[in-house]
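Alright, structures below, take your time with them.
Two complexes come next, and they have one chain in common, chain A, joined by chain B in the first and chain C in the second.
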Partner chain A sequence: MSEKKIRIGFYALTSCYGCQLQFAMMDEILQLIPNAEIVCWYMLERDSKEVEPVDIAFIEGSVSTEEEVELVKEVREKSKIVVAVGACATQGGVQSWTDKPLDELWKTVYGDGKVKFQPRMAKPVEEYIKVDYRLYGCPPEKRDFLYAIGTFLVGSWPEDIDYPVCLECRLRGNTCVLIERGEPCLGPITRAGCDARCPAFNVACIGCRGAIGYDVAWFDSLAKTFKEKGYTKEEIIERMKIFNAHNPKLEEMVNKIFQEVKE
Partner chain B sequence: MIIELREFTRVEGNGKAEIVIEDGEVKDVRLKIIEGPRFFELLTIGRHYYDVPDIEARICAICYLAHSVASVMGIERAFGVEVPEEITLLRELGLIGELLESHALHLYLLVAPDVFGYPDAIRMASKHGELVKEGIALKAFGNRIRELIGGREIHGINVKPGGFGRYPTTEELEAIERESAAFLRLAKRAVRLFASLGPYGEKAEHFLATDNYLWGEKLIAEDKESFHYAERIEERSLVYSFAKQSLYGGEPFFVGSLARLLLKGEQLTPEAKRLLEEHREKLSTGYVSYNNLAQAIELVYALERAGEIAKTLLDRGISGENVPVEPKEGEGIGYVEAPRGVLIHHYRTDSDGKIAYSNIITPTALNHAMIEVSLLKEARALYGEVDEGEMVQRLEETVRAFDPCISCSVHLVKF
Partner chain C sequence: MRYVKLPKENTYTFLERLKEWGRLYAPVKISEKFYDFREIDDVRKVEFHYNRTIMPPKKFFFQPREKLFEFSIKDAEYRETLEDVEPFVVFGVHACDIFGLKIMDTIYLDELPDKYYKVRREKGVIIGISCMPDEYCFCNLRETDFADDGFDLFLHELPDGWLVRVGSPTGHRIVDKNIKLFEEVTTEDICNFRDFENKRAQAFKYHEDWGNLRYLLELEMEHPMWDEQSDICLACGICNTTCPTCRCYEVQDIVNLDGNTGYRERRWDSCQFRSHGLVAGNHNFRPTKKDRFRNRYLCKNSYNEKLGLSYCVGCGRCTYFCPAGISFVRNLRTIMGLEEKSCPPELSEEIPKRGFAYATGIRGEDI
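Up next is the complex of A and B:
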């Protein structure tokens, strides 16, 4: 093991702070302390306000203001590895709007009164800077952090998950809430890694880990199943978009199912 | 001249304050919430009720369950759905878990460093490792409850209109009963520790809370008459902040642990009640800084009450039955006590069960005006008396006593 400690920074953009809270809740962090130094993490530390040069930068939250655009650029410049953490940073999060212009939203909320900030649509971090690795989930599981940091520490690289929640769900032996009860479970299109947490609680997955790569995510075939269970196109798109607002293929693929019938 | 406090640390979220100095005097204080807005109320408009509580949970990680429960209650009330006591008790248990986790985080990891004069908990741990460990253990216990009821430590989706996806088992409830009794000793020690903190900041003139201890049908204030929020609270936008400010009869007020103890002391469990009486003289002065002590007393309450609820449910046995939910046009308000105070979710629904109107008012938004007057008082007392560095430090402590959750205050105001 090298003498030099790995320097870690944790930055937050527009978010609920859940990802860093999840990080903070890991007892295992203490075991990392001999090998790693957390140089920048302003939820806990009084002195860490500046963006410092680090080996690994974790970024939580969506980019939603001009200041945040500048911040992510600065973090990118000063960090060797940039990890986008959680649904907000990787997919824009639940606050992502793609179909309403911002100034309209802005007016509805704040009226014509001027607030002195420049807001933007919530966007994934990757829209502005190069991201080296992504931790999925809202929030990611603790083991996602451990796996990523672990591989970085030994000088290797984590691998992305490319199979759906259903797979873990079947292995776990849960009752299928989609087939048995007709609930709108997004397990079939959602990236695994949570051990099918929500179906294990007998509730339908809302897709918080985001759709598997869109060449693999079968929005269309799931939409077909939902349609057979009686859901409307709007309901299906709405639910699939909760955590996939910026997915370029989603709407097109769902639309396909509803068009085919008309012909 | 304007002195800018740097962004607050050891609070949840991004916020800062400006102290306006004119002619050598502190003229004004502005609390700025500078984090990007997330438009939660608009996000849910037109959406089917089924997805709404899970989306609203994402407003805040520290009190996601309070958001889920308030949202579920608002929706159930709009539909006229009533749930049996088994369900309300389990929801209350979840809220207790959240309160334990949140208060433990705040007291042991964010406030204790102020008490002992350390910049942060990590550096405090070298001398006071035992205390940090106790805090982490209590926090973990709260989180276990939250995972059991909520479905995950953060942003679980087990709380649904009409009931739960999964109900706890007998063994799980027995574990809660056992462990809550075991943790009581730590909580009592916390009360002794935080009782040593003196008063600073401003005194609150008005306190608000829900009518039951952790949730309610309506709100109450000093006169104990129950009312709906719109009858007595007015909200207004600010030009310098993403957060809105709320006033009670034109004046700032306080929500949070101190308000709950002072307004609902008679609902407390035995040991918590005894501790309230022991410290009542101090607490009833109304200094917001005593909120830290109030939170410590609530740790005791939460543990005793968790044991009570587990026992009640074990004696009766869990039926695990959900109430059917029929969407209809209506209006409903969910009132919950999040760890840091009153949280309101107000909805109107249409006949398909879609959300037609939504207004969410969070505790930090409710406390916004009170934080400003507290800072103003403290800044006036300190300006010219101590150097700027110390003033900034003391003002940060003042803010911290409110246990503000900036992300939850970025609220998106109604229309």
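Up next is the complex of A and C:
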């Protein structure tokens, strides 16, 4: 590790600010202070400066205005590593979970009111700039944040999570709400890392950490399993889309299962 | 071997006494249908007639998550974090699961023992219990339906109690210390024991020879079953994490925010995950779901030379707990031609190239 302090920026787009709150409230953040210079993180540092060159830029929220498109581009140019934080930045968030056109959404919320920004459909940060690493979840896990920063601090690269919540259900000794009660648990297609928090309370996973990447989220197999339990195509797609609205494979793979039957 | 009888009315007293030998774990109902080994406070909650636990007893010895050591980068030092393991008793282990532990021993207690596994194995008392198979059980075909060793005590159910086999010096000590709870085995008990074992042998769903399974699996790498079944697989890894003999783990180094100290953790892994076969340069030994699916079948049916058994003990967990409803047994029987859907040989002018070495898509050439 070099003696030079690592420069950190935390930027917020359209979001609830829950991600940065989650991290700002960590006791461990104090350990970081001797090693890091907080260039921009309004929740921690009153004299934050937006947008200065940094080593690691964290971005939370979905890109939902023209101004935010420009902001993320500028952050990208001035940052060595860009980390998308939370369900909004990585997957577009629940605000992406709609098929309605922008005009209609706009009217529903603002009516004829005037605002000083140019709206866009909510999208993940990655739709506009290259993202180097992702912290998933709504809200993201403290453990993931510690792991990523710690690993960056020693000049190494943190691993991505490519396995499903089911693993953590078993490691934790949970029962299985999908097999036992036939609930539409999205655990099998959703990234682990939450220590299977919801299933541990007998609540089926809604997939807030997003579908696993690397083409190993088997929407088709899970749709088949759900279908056998009596769920309709619409129910399945709607549930899977809550946190995966921008996944290019989702609908195609679910449709495949329902087409096979008609023949 | 020493045989004694535990009369039914002494069962709960006996369980209570077991707590003197360490923390007591036994099968309990954890939800509507499922069982698991849990720490026992009230011995009346112990289930004697459970079908299978969702977690195999390996979890007591090879822990699901475990810190291995702490390190300091600046000092270039590491310190093992092997905890002080207190003695414990695992009551109610089925024969298949005892074989599961014996298989784990051949891996983790070899010439280079895994010290984290070893210390727990030394501190754990194993008490077996007899069982009646359900439709998912096939330990009879794996020759793991009756444990000759690998336990301290083994309880066989009788109409009025338990016939107890004593399998270790610790087992002797437990019996001797509680000798007033036990009786001598009578001729009637032996008859009842034989009766139970006969009934049990009849109760298995399949009675057939699986001797040719190992090489048929290798020869049938291109069988349509692999495509059909891997297609519906969720790759969730539950088959691995509920398996009493799956022993793969993944390690991760977690550095603290001081950028200097940290620790290494290991956790159970699954060969159904992409990263299981991932190596440097982004190459993958098993790049497709089908490759990973097939890998488990080959691994579980390979030959454990030390025990002369396969790595699968026939507990039925991977089928019983599969969310996609994939039947391991049915798929194996399909390969052996014992299910309806056996493969008709295709006529060809050429000599067909068959077997593992010729299988397509298993070496990751598309990367």
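By our rule, the second predicted complex is superposed on the first by the 250 of 263 C-alpha atoms of A that agree within 3 Å, B and C clash if a C-alpha of one lies under 4 Å from a C-alpha of the other, contacts with A are read in each partner's own complex, and residues count from 1 in each chain.
Assume contacts are C-beta pairs under 8 Å (C-beta built on N, C-alpha and C of every residue); 3 or more make two chains touch, one makes a residue touch a chain.
Just so it is clear, the structure is predicted and the values come from calculations on it, not from any experiment.
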Chain A as common anchor, with chain B and chain C clashing or fitting: fit
Contacts of A:180 with chain B and chain C, given as first, second, both or neither: second
Touched partner set for A:95, first chain B, second chain C, both or neither: first
Touching partner for A:162 - first (chain B), second (chain C), both, neither: second
For chain A as apex, the angle formed with chain B and chain C - C-alpha centres, to the nearest 10 degrees: 110
Partner chain in contact with A:138 - chain B first, chain C second, else both or neither: first
Partner chain in contact with A:255 - chain B first, chain C second, else both or neither: neither
Larger contact residue set on chain A - chain B or chain C: B
Distance in angstrom between the closest Cα atoms of chain C and chain B, superposition on A: 13
Footprint of chain C on chain A - complex, ascending: 1, 28-29, 31-32, 34-35, 146-147, 149-151, 153-154, 156, 159, 162-164, 166-167, 170-173, 175-176, 178-181, 187-189, 214, 216, 218, 220-222, 224-225, 228
Complex contacts: residues of chain B adjacent to chain A: 6-7, 9-10, 12-14, 34-43, 47-48, 50-51, 54-55, 58-62, 64, 109, 113, 119-122, 136, 139-140, 143, 151-158, 160, 165-166, 237-242, 407, 412-413, 415
Sites on chain A touched by chain B in the complex: 12-19, 21-22, 25, 27, 42-49, 62, 64-65, 67-68, 93-95, 97, 100, 105, 108-111, 113-117, 119-120, 122, 138-139, 184, 197-198, 200-203, 206, 208, 235, 238-239, 242
Complex interface listing, chain C residues touching chain A: 30-34, 36, 54-55, 59, 64-65, 73, 231-238, 241-242, 252-260, 262, 267-268, 270, 273-275, 289, 321-325
